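Presented sequentially are two complexes of subunit A, the first with subunit B as partner and the second with subunit C.
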Partner chain A sequence: MPWDSSIYFRFIDVYDYNVAYSEESCGSLIWLFRPLGIDQSIWGTDNIEALKTVLRNAPISSRNQMVKDAALNVVMQVLLSMKSSQIEEAVNALDRDHLDILMKYIYRGFETPSEGSSGQLLAWHEKVHAVAGVGCIVRVLTDKKRV
Partner chain B sequence: MPESLSFGIDPITAHAWNKDRTKLAISPNSPEVHIYHFQRGEWKLEEVLKEHDLKVTGIDWAPNTNRIVTCSADRNAYVWTQSEEKKWKPTLVLLRINRAATCVRWSPLENKFAVGSGARLISVCYFEKENDWWVSKHIKKPIRSTVTCLDWHPNDVLLAAGSTDFKVRVFSAYIKEIEERPVSTSWGSKMPLGLMMAEFSNSTNGAGGWVHSVNFSSSGDRIAWVGHDSSISVADASKGMAVCVIRTDFLPFLACLWVSENRLIAAGHGCCPMLFEVNETGKVHFAGKLDASLKKETSGVSAMKKFQSLDRQARTETNDTSLGTLHQNAITSVCLHTGNKANATKFSTAGVDGLLAIWDFNNLESAMRGLKFN
Partner chain C sequence: MTKNALREERIELLRALRLSTEIAKHLLSATLRPYLSAVRSTLEAAMCLENFSSQVVERHNKPEVEVRTSKELLLNPVVISRNEKEKVLIEASINSVRISISIKQADEIEKILCHKFMRFMMMRAENFVVLRRKPVEGYDISFLITNFHTEAMYKHKLVDFVIHFMEEIDKEISEMKLAVNARARVCAEEFLKRVCRLTFPSSVLLLNFIVFLVLKP
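Our next item is the complex of A and B:
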């Protein structure tokens, strides 16, 4: 059973959680099932594709805090599992909109540090800032919709 | 090098020129307005206008009728006219607002002016001859928050307003008592007072920021605005209200100004005027920084250069905190100096550092290698 596996312990058990099946939350629920697809590629070689996928599906419009937290966990996994040498290549592969979303996750990641996470996130921050400038950071602050 | 005038240490909140650019009205972040006159090669303080109780938030100088209008946080606006003794005399304008006024603009024909306010409305004021006073009419719907910036369409009727509800709106400010029915434009044909002709959002998916400045191009077909999310946008009424937004890498802009039908200047917290170009398809792109200061902006200064600059400036400490741009703090306003919106050769910027700089495109051309100016 995949739900027994150690990596999935931090995700919500959807059978316990009663969700109103509105159009919006259905799209957001994908986040609960997607890890099955993304985590495989973490252990694969295509980390950059994994990053693109998580950013493309970021639940920005969702009002469901649990979905957002679940998404944050997955993004953190991807960001922290990549080697420092790969960061620059990954950042260059993203477009401006995705860089804005990535910067939002970097700051969100700073809010809840874990062992060694801040150092790695600072490396990400430096590389994203080099490409997207201060405008990217300004948009983290001015955007009403948080990740 | 741009010509720069220092007006002390107080930030310049607003500035306006008279018709031949020999006089300048500025407000140094206080309830006063200072009028400077260029005489014998230098700028001399000619008069201080003291009528407002709170900070002056906007100044505009009508070039042909030579009247100054000022608006303030004290919910008032005054129209100043020069008497025979060359003294400026104020006339109170009843704006009928219960919050601070934020910005003011004379219309192109100078028969009326518009004031934006925190009362979520725009006061369009005109002079009523029968009662010998200035009367205001309100544009309220559907503005939901403070109006931060205004600009008039060249037809003297349409008015663009940016607001802190993340929207830019084009309204009709047609006052039937003082003018003829306007002919139709690319923004619409029926223009009763207060009708919203178009609304643009400075936010996508709830992102976005306050609109800091809005500007009509010289033809009136295009409108540009800058927002606090470091974005600059251009909408074109002649192309079906098509909007192009670019989210820049810079700090947010606070002011923007068209200098030709295809080029616009934006300046703000980055302390440096930036040039943007709009191509035939309506796409905006960054064309260059107009502040070609010699000092390097990047933090990658070598150790050798650091000690050289220490030695040259006779300093003993290594912290050189001055910026690599002319302005040492945010630029708050940009005004046309020479030319018009279709073809400007000089523009002025004023900032929080108390500096007013006049930028000349002819001088900048040689400094900006690789950029061609028509």
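Our next item is the complex of A and C:
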């Protein structure tokens, strides 16, 4: 890295200095202290409400990778536990912002495929794409606030 | 057993094999359609390219996804997987898209066939126009599509090409595998015919036994 030369400006990451992108105080830390088993109590039998809750609290502004991984595990559990018939209902119940966050989680879920997970995620992807369109995918590709 | 009965038995076995592969393909296509449609929609989103000269070197125009000097020109890379073995990595930037495909390779012979086939195509990458000469680390084959390609060719046709490629590759590799097995079976038969000194019916029995044991389809 040529720190003393005049082309130093090319290697600065603007997002390190962007104050608006800094970590929220305690909202994201909840994900670290919430072991996966306890989540069953907030789910009950209503998977759609659980999905809305996890998407509402998604740590998109956080810079902490552990928090994001913990959140990903919970979201994956919720997504994979829902039956194919419930997917359409769930997608229709979400608003535009939550659909974007859901799509980001779907793509992240594809990165670590486990037994049968990709098939389910492909079904989710199809349904979300049908509702939110190509724009949703463009927002996943361009948004710097990665999930 | 007479020679005719043996031949008929062999024909029955081959027929059963073909039927079972057809059924397997039908079951597999349950994830194939959603997989290809997910790749298609992601490619449609990623392939929005415009001309962008290099910011670093005067008068140069480079595909930013390959150069990667400026972070603001790169989009988030995205993976779409069908299972643990098959996936597609799509990395986009302002003027270029890199699509890397990992092809299903179930056994040793499919690995060798895939490797040779991909190498054959990548050596002729200039004629393909959109193919990359080396695959990205961890994948079998890569495409590099730049804004010049989208200007000269229809974007939806480019997307169709990539999807068609993904479909056909699997079919071609299975066909090649069947051809290799058939040729190997015939070779083994001819070889054993000359080497075996038993009487004809028992030698044919022995032949079939060995061939079906060694060359499992």
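The criterion applied here is as follows: the second predicted complex is superposed on the first by the 114 of 147 C-alpha atoms of A that agree within 3 Å, B and C clash if a C-alpha of one lies under 4 Å from a C-alpha of the other, contacts with A are read in each partner's own complex, and residues count from 1 in each chain.
Convention: a residue touches a chain if its C-beta (ideal position, glycine included) is under 8 Å from a C-beta of that chain, and two chains touch if they have at least 3 such contacts.
Keep in mind that what you see is a predicted model, and the values were worked out from it rather than measured.
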item: Side-by-side fit of subunit B and subunit C on subunit A, or clash; value: fit
item: Subunit B versus subunit C as contact partner of A:Asp100, first or second or both or neither; value: first
item: Subunit C versus subunit B, contacts on subunit A by residue; value: C
item: Partner chain(s) touched by A:Ala123 [first = subunit B, second = subunit C, both, neither]; value: second
item: Contacts of A:Glu111 with subunit B and subunit C, given as first, second, both or neither; value: second
item: Which superposed partner A:Ile60 touches (first subunit B, second subunit C, both, neither); value: first
item: Touching partner for A:Thr142 - first (subunit B), second (subunit C), both, neither; value: both
item: First, second, both or neither for A:Val134, with subunit B first and subunit C second; value: both
item: Touching partner for A:Lys52 - first (subunit B), second (subunit C), both, neither; value: neither
item: Per-pair minimum CA distance [subunit C against subunit B, superposed on A] in Å; value: 5
item: Shared subunit A contacts, counted only where both subunit B and subunit C touch the same residue; value: 134, 138, 142-143
item: Complex contact set, residues of subunit C against subunit A; value: 30-31, 34-35, 37-38, 41-42, 44-46, 48, 55-56, 69-72, 75-76, 78-84, 87, 92
item: For the subunit B and subunit A complex, residues of the former touching the latter; value: 203, 205-209, 228-230, 247-252
item: Touching residues on subunit A, where the partner in the complex is subunit C; value: 10, 13-14, 107, 110-111, 113-114, 118-119, 122-123, 125-126, 129, 134, 137-138, 140-143, 146
item: Contact footprint of subunit B on subunit A as seen in their complex; value: 60-61, 96, 100, 132-136, 138-139, 142-145
